[in-house]
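Input: structures, listed below.
Common to both upcoming complexes is subunit A, partnered first by subunit B, then by subunit C.
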Partner chain A sequence: MIKIDINKKLHGSNADMQLKVDLEIKENEFVALSGESGSGKTTLLRVLAGLEEAEGTIQVGSQIWQDSKSSLAPQKREIGFVFQDYALFDNMSVGQNLLFVNKDQNLCDHLLSITGMSELKKRSPNTLSGGQKQRVSLCRAMMKRPKLLLMDEPLSALDPYMRSKLQREILTLHKEFGTTTIMVSHDPSEIYRLSSRVIVLNQGQIINDGSAKDILLKTTGSAKFSFKGELLEIVKVDVIYIAIISIAQQLVEVVITADQAKSLSVGSIVNVSTKAFSPTITL
Partner chain B sequence: MNILVAKVINIESVDSLNIVNFTLEDQNLSMMSLDLDENVKVGVEVELSMNPSHVAIAKEFSGTLSYSNQLKAKIVSLENGELLSSVKLLVNGSELESIITLNSSKKMNLQVGDNVTLLIKASELSILRVL
Partner chain C sequence: MLEILQNLNLTPFLLSFKLASITTLILFVISLPLAWYLSQTTSKIKPFLEAITALPLVLPPSVLGFYILISLSQNSPVGSFFNEHFNVSLVFNFSGLVIASCFYSLPFMVQPLQSGFEHINKSMLEASYISGKSKFETLLRVALPNIKPSLLTAIVVTFAHTVGEFGVVLMVGGSIPDETKVASVAIYEMVEIMDYQNAHIYSAIMVLMSFLVLLSVYMFNSKQNNKFAGFHK
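And then the complex of A and B:
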């Protein structure tokens, strides 16, 4: 069990806010941390890693990482940290980057083989692609066999194909090493595929905590197919009205009644939904 | 998803709204649609699709209904679940599925071999692709 009860004043872009997180995470849980930028996600990870100070306590298993009296140094906390920008040592080879953390040659080879990187062990990181660099960074984070793996949007700079490959590798490592993982992510498919629990932060506070499906499936009433969009225009045709709505870089048209046409105003954010029985799927 | 191959025989339009009529051998279908693909023209063959849960069944029906699409069909199989019933039907040689509640299926005493009428609203019919 990981018990987190911390408090920290943050200087947000608009106003100062309080990061206030009281949370228990089970061992081996895969937690996705979501929320708008500036909501305190990265700060929370950095506090857990000991890279930033905060008031309160952090307990991992029977070990106290932080309380009112003391704070364990980052290198003494059993964590792995994966950053969005890789943060590799370019003057060392791939293998040396891993061995820098822990001199375990067998573990190094094992990790490189799981991620299909064995051939690149002697290469310098700056000769690698983004996906390969992030694999090195992930392997390096696992070299300490961390109790807690922290990842800050590790895949957001990668293309969709590379993302889904790395998602599978992250899940393999998470299971094999039995770590508890906290990953900042905004991608619903990634959150759904990887996490067993989603925590949503807003203005430094937890506003939602549950399974990916409960939190990400946007529903109103019995509709299971629901999207938020901006109402761009309402056009009258014959006796019906057509609402033109922009959803995720696409336009959709929805037939509405005269009453609805009167009550809706152009520019407002609307929910477009239908029951799970209505849509059809084609390739 | 249900698919029927039919030929476009008429298109009526008002602004971006269209009513498209199709023929399927001796039976006719019609579809309500917003803007049509430019390839949808009189004379072309299309694949029409409709969701099984949007296909209703009428048996020994008399009277009139607003359903634009009333297709003669024969039941070829019935699969009853705990709550729903999946009814497979043959319409001019094509197999369609209707998903109705088990209650309805029992109430109507639907049996394999029954001649029934399929009911599909014009707004529930769509063109999957132009052939």
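And then the complex of A and C:
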């Protein structure tokens, strides 16, 4: 069990705000931390890692990481941290990056093979792609066999294909090492696939806490599904009009009436939803 | 021509290089923690430390030389302490030159190192702390190897600058042959006695060597910047 009760004044881009988080996380839980930028997600991770100071207490299992009297240095906390910008040691090869943490050759080889990086063990980080770099960063974080794995938007710079591959690897490692994981993410499919619990921060406060399903499903009323998309073009085919809409990097066609064709303008954001089997489209 | 070169007294050059080597070594040891501290701290004393460090850049060498002379002379507390306890004098000898050069060349060592440290990706250092490594180990194994160009610049420029110093050396060391008469002072004296031939040779040697040293630094640095395509051992 991880108990977090911290308080920290933040200088946000708009105004100063108070980061106030009181939270209990079960062992082996996979928590996704979501919320607008500037809501305090990264700061929370950094406070947990001991990289930033805050008032309050942090208790992991029976160990006190921070209380009113003392704070454990980052070196002494059993954490792995995956940075958004990878933060690999450029002067070391992939293998040396891992062995820097812990000289366990077997663990190093094992981690590299799980992530399909064995062939690249001797390569310099500067020669790797973004996805490969983030794999090295992930492996390096696991070399300590951390109790708590913290990831700050680890996949946000990667393309969708690479993302889903790495998501599977993260899940594999999370399960195999039995870590408790907290991951900052904005991607609903990522959150849904990985996390057992979602915490949404806003202005430094927790505004939502629950399962991914409860928090992310956004259909309202009797709609079976509902997506936001951008109207790209309206084409007239014989007597009907077809709207071409871009939804999450996919294009779909929806038949609309002549009246709708007149009232809709290209470039606007529309809601595409369906009740039963006839798609309807609204602004 | 060959005869002239054979009769050339190379002691002033050897003295210059000995002085520069020792000064560079001492300054490296002193500046490494100082530059690291300056690059990491947010303390209010940082600007004061930076200003003091940079002073030798703007002060006339005569001012620096004057204060060093005063504070190291046998009448000063420091000078008399060394004289009584170790029976050494700190002015008009080689030790005095080393101390004076360390003050004079300090910014040339500190500033490139500090700038190198400041440009390191901060999360790289944090990743090292989280990996369980102390600040000292992080400095040696992560920070230093990642600022190789700055490191080389700091060392070479400090060395070259010490070889090239004149005013401070003259004031603190005088011109004692085989003891404090370094190349720059020797050239000054040759010009004074209108020995232009030897002054020419000495000066040409200085120009050539300085150029070669700087050239090798810049060549190394441009190579370093292109390097990141290879395999590690």
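In this text, the second predicted complex is superposed on the first by the 220 of 283 C-alpha atoms of A that agree within 3 Å, B and C clash if a C-alpha of one lies under 4 Å from a C-alpha of the other, contacts with A are read in each partner's own complex, and residues count from 1 in each chain.
Note that a contact is a pair of C-beta atoms (placed from the backbone, for glycine too) under 8 Å apart; a residue touches a chain by one contact, two chains touch by 3 or more.
Quick caveat, the model's predicted, so the values are computed rather than measured.
Once the two complexes are overlaid on the shared chain, A:Asp209 sits clear of subunit B and of subunit C alike. In the superposed model, A:Glu53 makes contact with neither subunit B nor subunit C. In the superposed pair of complexes, A:Glu253 makes contact with subunit B only, with no contact to subunit C. Contacts of A:Glu230 after superposition: neither subunit B nor subunit C is touched. Contact with subunit C, but none with subunit B, is seen for A:Phe81 once the two complexes are overlaid on the shared chain. In the superposed model, A:Thr282 makes contact with subunit B only, not with subunit C.
Look at A:Glu119: by the touch rule set out above, it reaches neither subunit B nor subunit C.
Judged by the number of subunit A residues each one touches, C leads among subunit B and subunit C.
Listed in rising order, the residues of subunit C touching subunit A in the complex are 121, 123-124, 126-134, 141-142, 145-146, 228-233. Taken in their complex, subunit A has these residues touching subunit B: 235, 237-238, 240, 242, 253, 255, 277-278, 280-282. Chain contact summary for the complex, subunit A toward subunit C: residues 49, 51, 73-77, 79-81, 83, 85, 87-93, 96, 100-101, 122-124, 126-127, 140, 143-144. Put simply, subunit B touches subunit A in their complex at residues 1, 14-17, 34, 49, 51, 53-54, 126, 128.
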